[in-house]
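Accompanying notes for the structure given below.
Going in written order, the chains are labelled A, B, C, D and E, and every chain counts its residues from 1.
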Amino acid sequence: MSTTKLAKEPEGTEPTAAPALLELRDLRVFYGAIEALKGVNLSVREGEVVALLGANGAGKSTTLRTASGMLSPRSGEVLLRGERIDGIKPHNLVRFGIGHVPEGRRVFARMTVRENLEMGAYRFKSPDQDEMDRIFGLFPRLAERSSQLGGTLSGGEQQMLAIGRALMGKPELLLLDEPSMGLAPLVVQQIFEILREINQQGTTVLLVEQNAAQALQLADRGYVLETGTVAMHEEASALLADPRVRAAYLGEIAE
Amino acid sequence: MSSGITKTASGGPASTARLRGVAWYQHPRWSRLTAMVAIAVVLTMVTGEQGTDRDIFFALREDFTGPLPWIWLGLCLLVWTVREFWSEPIRKVRRASVAKSDPPVAWVRGQWRGDRRIRQLVLAALVAVAAFAPMGLERYWHQVLVDQIAIYVLLAIGLNVVIGWAGMLDLGFVAFFAIGAYSAAFWTGALPVDPPFELNNFLVIPVAVLTCLIAGLILGAPTLRLRGDYLAIVTLGFHEIVYITAKNVEDFTGGARGVSGVEHFSIDMGFSYEWKLDPLPYYWLLLGFIVLLVFLFMRLEHSRVGRAWTAIREDQVAAAATGVNTVRFKLMAFAIGASTSGIAGVAYASKVGYFNPENFPLLASVLVLAYVIFGGMGSIPGVLFGAAFLVWLPEVLRDYVDPRDRYMYLGALLVIMMIYRPQGVWPSKRRQRELKMATEGTVDGDATAAPAGGKVS
Amino acid sequence: MSLSEFWDFLVLGVVLGSLYAVIAIGYTLVYGVLQLLNFAHSEVFMFGGYGGLIALTAWSPVTSPSGFQSVAYVAVGMCAGAALGGIAAYGLEKVAYRPLRRRHAPRLVFLITAIGASFFLYNLAGKLFGRNAAPMPTMYENKKLFSVFGADINITQLLILISAVVMMIGLDYVVNRTKLGSGIRAVAQDPEVASLMGVDIDKVVSRTFVIGGLLGGAAGFLFGTNQQVFYTMGFLPGITAFAAAVLGGIGNVRGAMVGGMLLGIVENLTVGFWGDGWRYVGAFAVLVLVLMFRPTGILGERVGRTA
Amino acid sequence: GGDDSGDGGGGVTIGYQGPLSGDNVQLGVNMEYGVKLAIKEANASGDLDFKIKYKAVDDQGLPEKATAAAQKAIDDQDVKAVVGPAFSGPTDSASPLYTQAGMATVSPSATRPDLTEKGYKSLLRAVPNDASQGAGMAAYFDKKTDAKKVMIVDDKTDYGVGLADVAEKELKAVGIEVTRTSAQQKTPDYSATAKKVANSKADGLIYAGYYQDAGPFAKKIKEAGFDGIMMSDDGTKDDQFLKLAGKSAEGWYLTCPCTDPNVDAKTKKFAADYKKEYKEAPGTYSAESYDVTNMIIEELKKAGPDVERQALADALAKAEYKGLTKTFSFDDKGNLKKQAIFLYQVKSGKIEYQGSIEELTAS
Amino acid sequence: MTVKVTKDETPGGKPESVTGDLVLETKGVTLRFGGVTSLDSVELRMLRGEILAVIGPNGAGKTSLFNSLTGAYVPQEGKITFRSGKGGEHSLLGCKPHVVSLLGVARTFQNIRLFGALTALENVKIAAETRLKAGPVSIMLGLPRARKAERESDLKAHEMLSYVGLDSKMNELGGSLSYGDQRRLEIARALATDPEVLLLDEPAAGTNPTEKRELEELIRRINTERGVSVLLIEHDMRLVMSVADRVMVLNFGRKIAEGAPEQVQRDPAVVEAYLGVAPQEEPAAEGQE
């Protein structure tokens, strides 16, 4: 593990013992004039599952998009193992082991399932067949449909495909944006099980979810975003027990 | 870099720095310098000698052995130096002046928005200026105003309905112009075939509008289901078919030799007046048409029809599900555009008296499209300006550059303009919003306005 | 029209069609990745013609070349044409389209830029190389080689056919079998996600343009060899090839090949039956008819889900 | 052009209207150089007591641009007469304006027959119209060849179609079978049309159009194996044709209402001067434009610099001027009184003068 | 073509039959895409005034069913009958989408489809004026008819916006609204066409619990106050259980169960295909009021 630090470490940051796998420092991100993130601090340690909760428009997706290089922060830093990676284009960033499953699945509609998976391994010379078999093992439904076009899959299948595709790039850090959105309860359970399995096999996961209950059951730690800032940050179990969280994100009536 | 398992953020600091683009040689300044050199080379060719086919290397040799490339290189480097090293003071000065001039602009805008009567008054004044200002010009400009500017402005107003409002990419718009002109010729008895009865040119207008409407429906009905780009090619095909038919069916259209002797406009009701060779009366007539059409169309824009068009443009499926009869509204736009074009055709034929199929080349359709988008799709003032300006420009350029090169400058202007102001000179509010949303990536936009490719830069 | 004449025109149609197909690929590739009607592709084609002309003029071929010389001339001309076409396409993307892509401009704006670029380029070519047509220097004596069903085939025709087929096979391989090909297809479908997979969008787009430019340039050289080179030579073949791309299903590379071939044949049969005056009427009537029954072209893309 | 200098000051200006941009610019430039050369020589000769200026107005060869172009010439009070308009379409749309302004336009190249039937008082046509040329072509086929069947190919321009129509009528009148087809200008491939001609078993071919298309067409005709008599018109009679068609040009007959400035002994000097001035050989209509300009200068000399436009126009209509190419004098419609058509043939890579058709067919 | 259906006709072979005032009925609707059969003889019987939920695994054909009902897809086989409260029986099979909307069946989309560059008000106005008759000519001439139509649609649109609680945001652009607001705007737009039946495709997807509660309330109000029958696709079981009168379950394009929410929830076939586990915790007791 390369823990080399950049020569120019910005002043004012306290030295961290073992740098987190991913660290966001004081991140401010804009869409035009809209400030979507107003100074977000967040860290993900090796091997963890971290859940990121928040209302619509809180900036969860923006956080992930910044981490995977799709957006550049106006100020603040993104650090991967202590090295600054903000400003690196996403296609270069995948080499560093970041996989991003974007919001809304976004599979390649006119490619077959197999081609979609191969695209996930684009950064390698040729796709790793063992990895593909492992993914087909995780998602038997995809194996059945390996030559069907991505666009004709159902929502759940597309979600599986999107996750599988990201895994083909052998990421160390998997960013997932609302993987349970629009999925049948059964599939949601399956997906969370698969996520647990992936994590156990050594992939670190940063998970954005509306489905807070399940996300927190899976996660080690959780962050709650509110209008672009981190409002809470605790162990997952603590968040699960927090009355405010229960009211706002688990749908319990507070009274 | 592409080893199986990436346990290391490969490469270390140097490589991340390079990828982040912060190394000194990655400063955009250097690519701008290359661009400047390239621009100097292009400018040398643009302003250099006229080539000759007798010696294909003649122009290149002359251009690059003379002083021209050095002059341009010097100028470009100067611009680059100023931009890279002195831009801050300049920007400061500009910002100061902008800040100073803001309140009156805001005041004017407030007045404009606030009071309807002021708006009407200003518009009336503008029309008056448009009507009387040309009297001070040479007759040459009168001719240009009538035969080219006014006609193309009419065409642009019509195409704006089709593309700016309904969002349909129509590359065959000038076909309707041709149909209008041939209608005028037919009903005034200038074609080889005789009409059942001859009509006064003013009466030809409704007939031509009807003809264009029918032609528009015939073309539109089977094809409007097609998506944007498919529609473009079909309309282009329609144009070719009309154009070639006009050329080939000699017994009816006179073929390539064209039509001559179309009568001029005339009024014969109690008093009589005939528009003759003098261009000014034609100008007033056409100005009348333009003002009338603009007035009518402006009402459409913010009505139910205009909204339905916007809806179709943005999301056809959703529009249909909301109860908008998409085919009907598209046909309506198509027909309105076609009729406007037809009116222009009648006016044109009556003014020049002689025309042939070469007056309606595909290029004309493309040009009108460029005028509309240059001015600002969907915005009437923009379209008026775009057409007038771009038709006028080659005419003045004639006096300053080799006339053979005029369209080269026009092309360059279009490219530069679109890069720096993609929304057009005077965009419509709705279109501007769409553009803004597309830029920020919140809206997918529609068949014709969707962002093209790469959302990531 | 007798059967033998039918064969005559069919063979001519196949030759012309194969050229259209090669140009149409340029349109379709660019459309595929950017959803952009690259109007200026016809100028890329024109520059291909001039590329060949310039190279061969500079080399000033001897009047009656030997067989070996002929082959060398053709090879040099073709490479020069392709190279200039590729350069033109690359420059076009870089100057006219990339800035707009950065701004996510709507597609119509791209169209107008393309039109403007097209105006600029062909007028610039006219200015640099003169506005008269120029013949391609003689590279070989255009002899009749053999005949099929009574239709004669000469060297130029064979050259066109073979080069077109080779280019198409090569391209099909690149698009469907190579990594660049999957990059192109991924960018075509969802550029943002493609970049998350590690595809460098700019590079892919650039290369797509260059590939289209190489093919278009080579086709320009072949066109020039068949007839002559002039600064507006791109316009009509450009329009037809564009129609061919749409006919086959725009964005679909094999569709472009089918469409080009079909239009070439239809055009020539139209000329055979009714005369050249109706050439494009035949072609466009077929286009309109096909689109009415198959709104996304012959091999058109699959329509996505509506809701 | 950079020589536009219509800046008032009571001078005398001769205008020129023709295509100086657009697709047909080469023909326009041929004429412009002829006009400019004549003016330049007149000014240099010293037998004028005033200077003549030159003003070019560009109509791109398009009717819709012609009105504005004409107006530009008319607006300039110094312009006394205009050489042009070059093409028939623009002539048709501009002539009403010139007629109204009383300004003479002497066209060295507008050949459409019906132009002079419309009562444009201003228009003098210094070139035989297509009717004469078509008739000349027919006469040659009739008298000098034993062709039974002739195929006529036009280029779908008003010029080509007009000429082809006349030729067809005249050929039929002398009992020769005629088939017609057309090949659009700039068509991407002439092979099919050429094949059609070859398959037609005709033993004569007339191509009515311009050299830019005649060049490749000639190539394709040869490739298709056509071996009849091939003939084209004044639009083709240009060195460019030889260049474009290469060896395939060999044997083509070309008719033209013009004498060849490069060949005719009288005009050798003109050709040399022209070449010296403009670095290229005089092209189609260069000599005619030169002649017409000189004719105008001649009348100006007689009438003096203060002559009214109308007066000059009247004088020109009645004038008789012996130029390099022919003697110019007009009938009351503005047509040339004597309309001679000359025949040329491409022989060993040169356009060789054969003589006037009238003389050739008389024998 | 219209289908004559006698009310007491029971669909052959079905375990239960719904009788009553049917507003929407399909018989043997089958929709195929190439080799994929997304709907396989689907029988839907919807009573006037009820809230019927359609659930099922992803790809079961729920959205396809909506698309078939609203004319976006044309099924290869089957009959779709809509009985308007104003009288009249219409076959919706192969009907154009806008005709379906005019007949009184409105819908929302699984992926929000608003007119992003139009304001919220304009979005709704478009729907409100589809029944109005002012043509382009009367608009261009500014005839009273056109002005009246404009006023009417304005009124209607305001009403709808305040009904869904968006009146304060009526001048904001559709595309700039928050996700939950966009969902509500889509509903307002659908309501403005004066539907008798409203089809909602996963209206709660991607919304948070608070918004879900508001949505639940809105659906109930639409159903009771406006008397609109609601057909609802939703994966959020809590919402379905609390709001639906009846539930229909699709799997692989076939109906596998239908009935009251509690009953369906315990159906082993449904548990196996869709829910994964039978409900342990008590669901919100009664779906109605």
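Here is the rule we use: a contact is a pair of C-beta atoms (placed from the backbone, for glycine too) under 8 Å apart; a residue touches a chain by one contact, two chains touch by 3 or more.
Since this is a predicted model, take the numbers as computed values, not measurements.
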Quiz prompt | Set of chains whose contacts include both subunit D and subunit B | solution = C
Quiz prompt | Remotest chain, subunit C as reference, centres from CA atoms | solution = E
Quiz item: By C-alpha centroids, what is the most central chain here?
Solution: B
Practice problem: Would you mind checking which chain's C-alpha centre is most distant from the centre of subunit A? | Solution: D
Quiz item: Where is the C-beta contact count highest, in terms of which two chains?
Solution: B-C
Quiz item: In angstrom, rounded to a whole number, how far apart do the mean CA points of subunit A and subunit E lie?
Solution: 33
Self-check item: Separation of mean Cα positions, subunit E and subunit B [Å, integer]
Solution: 43
Quiz item: Between subunit C and subunit D, what is the separation of their C-alpha centroids in Å?
Solution: 37
Quiz item: What are the residues of subunit E that contact at least two other chains?
Solution: 72, 109-111, 113
Self-check item: Residues of subunit C engaged with two or more neighbouring chains
Solution: 131-134, 192, 195, 201, 277, 279, 305-307
Quiz item: Residues of subunit B touching 2+ other chains?
Solution: 52, 54, 247-248, 317, 404-405, 407, 434, 439-441, 445, 456
Quiz item: Which subunit D residues qualify as touching subunit C in the complex?
Solution: 23, 25-26, 156, 181-184, 186-193, 195-196, 199, 212, 215-216, 219-220, 223, 225, 240, 243-246
Practice problem: Please give the residue numbers of subunit B that touch subunit E in the complex, ascending. | Solution: 296-297, 299-300, 303-305, 307-308, 310-311, 314-315, 317-326, 332, 336, 430-431, 433-434, 437, 442-443, 445
Quiz item: Tell me, which parts of subunit C touch subunit B in their complex?
Solution: 31, 33-37, 39, 53-54, 57-58, 95-96, 99-113, 115-121, 123-124, 126-134, 187-188, 191-192, 195, 201-202, 205, 239, 242-243, 246, 250, 277-281, 283-285, 287-288, 291-292, 295-297, 306-307
Quiz prompt | Parts of subunit A lying in touch with subunit C, wherever the complex brings them together | solution = 68, 70, 89-92, 94-95, 99-100, 102, 106, 108-111, 115, 118-120, 122-123, 149, 151-152, 165-166, 169
Exercise. Mind listing the subunit B positions that touch subunit D in their complex?
Key: 52, 54, 138-140, 142-144, 147-148, 247-248, 250, 255-258, 260-261, 277, 279, 348, 352-356, 358-359, 395, 398-399, 402-407
